[in-house]
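Both complexes below contain chain A, partnered by chain B and then by chain C.
Presenting the complex of A and B:
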């Protein structure tokens, strides 16, 4: 065995443990889902059989699927720009020399480290009709009562707000790290040239933060389509599917209705959406980004 | 009228005084070097002039106008930073005209000024490059270009050459000085390198612990140092200064302190070129010999005190050899150890 072959073998052996787990828990389930989506769901008396595109036809005819997809679309539109914007704003603020800097940083990061179930329960109380926190505050100013999570018009917004609150602090950490890597003398040079804070942000900071923004954007997109935990705790997709997001619908179909083939079909759609988004972002945005 | 004037300017960080009641003025078209070891307050002084720091007390005037409370942009200054502060995502051209764009200078004038600055600095062929594609010297030129296109009467420089290699530093030293003269810019130049200050400046302000130690033309700092600190800081090599009483214990021939300076607090200083090697001088041991081609520097130890001797050409003295040092009375500086101030300077 030549030295080159040996090095190659060693390389693969080092990669093997990670590869086994990656294949077992990521690649194989994905492939299995795609295969399963072309078969019918096995029942006690009827084993699974090949049905071609039947599951996909059923999906296109399924109004709840379209509902979940539109909900997810609005959920993404509602959470991503706002949480990223907030993250940048908070990062810039805590990057400045302010008193109690580390305390503020920690406070912003807290939502990220809290368990989602606990967080959802706290927000559940905020949104409770009549005696919830938000209702009480509105009551003081004489506003009318709203059932935030219980009405079709407001439930999705309520869920969006919780998601933003949760995500912004997490993304802030990435922006903060990026900001710390930018020399303060750039800001000083801009100040001497007479650039306003806004001009400096628009022409210098934001372009320099683009690599971070791309990373955060992809994460935010994935998170938006992966959101399930606080839907389970807060609304269970209701009322009338107003807060059913794609992954929650997959969970419902798969584990409440036990229609595993249809769940696999929905999963394939979700995978396709995520893959397309990642490709578009890396392919299109990356070319326009300045990396140091 | 002074281009830049500081009156009792103080900057405190809590209890610590970074700059302590500093006053000086810079004449129009002059290059003034703020010189000193790190932590002496020279950079803070420059940042105070730039308006990047707020003065705790005192007034700052630029071109006769009180700018103490003005933002950086209203002061009529440009600045070159130690790390150049180039915007990494912008091209060389965009970096240079950044300020003109901010101030909404018309396109035609912008292009014209860019062309002029690029021609002066030899950057014509690099205008489309990104800063990361430039060498250190080229980046330095871009930073200078940004200062030139602003056409500010005063240019501030914060250790602009410290990131360059020795060869390039010598070139850029001359180039900056030429540029400053040609364009008639008033320049305040911060450096910790006394060679830079001595070779470039019309006026050197040597600082220590937030205060001015001496303010004068380079030759004055060399020939008439106001304090022991200045004597030991300026010159290559700096002046050798030692307490007289310690040298006197060796029993060698030694000039006597001048009238009015008590021997216990007297320190004697002699420039390396004036120290002579002779039999019967102060007994010394050679600790290092540095051969520089045209001259040789001999470092010798006299009763624990360091003396440097400069001899032209090559000198055949070895490490560990015992020699005698003669300090001529006619070229001796006398300092008061208590105050550190000079008492007597050779004529």
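Presenting the complex of A and C:
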């Protein structure tokens, strides 16, 4: 065996454990879901059989699926730009030398380290009609009472707010790290040239933060499809499916209805959406934002 | 995972593999149970298991806390599909059809051999057995069971000029009392509601109180036919909507199940409908005298039962199943059923349990504990069908759509019925 071959063998052996786990827990389940989506759900007396595209036809005819998809779309639109915007604002604010800097940083980061289930339970009481925190504040200003989680019009906004609150602090950490990597001489130069703070942000800081923004954007998009813990606690998809998101629906179909084949079909849709987003971001966006 | 955890896991796996030949000597019964109410449930269950082992040295009971009801059935069914399910589990009584269809459980009939066994089986409240038997067989044994009751705040009754010892007995009284108990400020904002019937998550359960009172039965005993378009169902739903829209004594929109007891403690609502399982919670947290009563009557009285049954797994060995049966029979004897009821707030499962000295002493000290029992003769099986969770969701969606005003009640129920028909047709 030549030295080159041995090195190759070593390399593969070192990769093997990670590859096995990746294949076993990531790739195989994905492939299995795709295969399973073409079969019927096995029942005790009716074994699974090949049904072709039946599951997909059922899905297209399923109003709850479309509801979940639309909800997820609005959930993404609602959470992504706002949480990123907030994260940038908070990062710039705590990057400056202010009094109690670490305290403020910690305060912003706290939502991230709290478990989502606990957070959702706290927010459940914030949104409580009549004596909930939000109702009390609105009450002071003389607003009328709203049943935030209990009406179709507001329930989705309520869960979006929780998601933003939870995410912004997390993204702030990345922006803070990026900001600290930007040389202060740029800011000084801009100040000497008489550029306003907004101009400096728009033409210097923001472009330099673009790689971070890409990373955060990917994470935010994934999270928009991945975060369902608070739905389970706060609304269980209700009222009347107003807050059913795709992943929550998959769980419901899979583990409440035990319709595993249909759950696999829905999973394939989720996989496809995420794959397309990853392709767009890595294939197209990334090429446009690196300057060096 | 560090190495120590890995080794521990490997040892546990080896232990599981090693139990199979050991069955002949001592049957080991793994036992999944959920925790759905407050209190030291885990400790209680462990104590029961230890006491049982002392009396039956050749049986080992291994209780495994498995999360909520939903998590427990997910774990039990996943384990069933992979071939090593728990020998016995406590799961919702409404999951009976799902478990039968998954071929996951065995009926109890084959273990019931002696006259004493038969007497034990006859000893449970008939209302609880409705959800435990189908097709002439017994598939579940009632254990932690509950029902819906109404709680009322005696202080607020007094303030409103009502007799604090007299809860509403009929729908008409419910509306009349609730009107007196609803308070609005100068701006017209309601500061105190008359009554609250939660409608989040599982509205069908609370609604079943109303529909039973209106004389409707939602599903047949075989679980393959629903009756959502029954005139009583629509009438009951209209009554629920009217409480909020017409009489304005009930909050509009969806009322959250989880915060309803809290609303009651905060004096934001004078009467609430919720499970008997909240009895201990209310007793601890209500800072005012409160009463517990049967639900008011429409055409008749009525309430659904709820809660969990014991099931025995089909894939366990015969020896394990026998051992599990011994344990279930032991833990549901009147003395232990009484103690379990006192410790948790669940309804004791047999009339004999209410005749025990411990339960009698408890009832003297805290009379509301008996209300659930007194309501049981009026109780019906909790709504349950084939494809239970799917049909239930269709029904819940219909109820919520009507409560939110996006569909008229008759329309919402007709849509739900059509969808349920589609799901249930293959089971006829």
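The rule we apply is simple: the second predicted complex is superposed on the first by the 290 of 292 C-alpha atoms of A that agree within 3 Å, B and C clash if a C-alpha of one lies under 4 Å from a C-alpha of the other, contacts with A are read in each partner's own complex, and residues count from 1 in each chain.
In the analysis below, a contact is a pair of C-beta atoms (placed from the backbone, for glycine too) under 8 Å apart; a residue touches a chain by one contact, two chains touch by 3 or more.
Just so you know, these numbers come straight off a predicted model, no measurement behind them.
Does the chain A-based superposition show chain B and chain C clashing or fitting?
fit
A:199 in the overlay: touching chain B, chain C, both, or neither? Say first, second, both or neither.
first
Just chain B (first), just chain C (second), both, or neither: which does A:129 touch?
The answer is second: A:129 touches chain C but not chain B.
Could you tell me the angle at the CA centre of chain A between the CA centres of chain B and chain C, given to the nearest 10 degrees?
Result: 140 degrees at the vertex chain A.
Quick one: is A:186 in contact with chain B, with chain C, with both, or with neither? Answer first, second, both or neither.
first
Taking the superposition as given, does A:51 touch the first partner, chain B, the second, chain C, both, or neither?
Neither chain B nor chain C is touched by A:51.
Between chain B and chain C, which makes contact with more of the residues in chain A?
When the residues of chain A touched by each partner are counted, C comes out ahead.
Could you look at A:273 and tell me whether it touches chain B, chain C, both or neither (first, second, both, neither)?
neither
Pick out the closest CA atoms of chain B and chain C after fitting on chain A and give their distance in Å.
Once the two complexes are overlaid, chain B and chain C approach no closer than 43 Å between C-alpha atoms.
Find the residues of chain A that appear in the contact set with chain B and again in the contact set with chain C.
No residue of chain A touches both chain B and chain C.
Would you tell me which residues of chain A are touching chain B in their complex?
Contacts found on chain A: 183, 185-186, 188-195, 199, 203-204, 207-208, 290, 292.
Looking at the complex, which residues from chain C come into contact with chain A?
Going through chain C, the ones touching chain A are 70, 74, 77, 98, 101-104, 187, 189-191, 199-201, 251-256, 258-259, 262-263, 266, 268, 387, 389-390, 393, 396-397, 400-401, 403-404, 406.
Within their complex, state which residues of chain A touch chain C.
Touching chain C from chain A are residues 43-45, 124-125, 128-131, 139, 142, 144-145, 147, 149-152, 235-236, 238-241, 252, 255-259.
Okay, in this complex, where on chain B does chain A touch?
Chain B reaches chain A through residues 50-52, 71-73, 77-79, 81-83, 85, 87-89, 98-99, 102-103, 130, 132, 146, 150.
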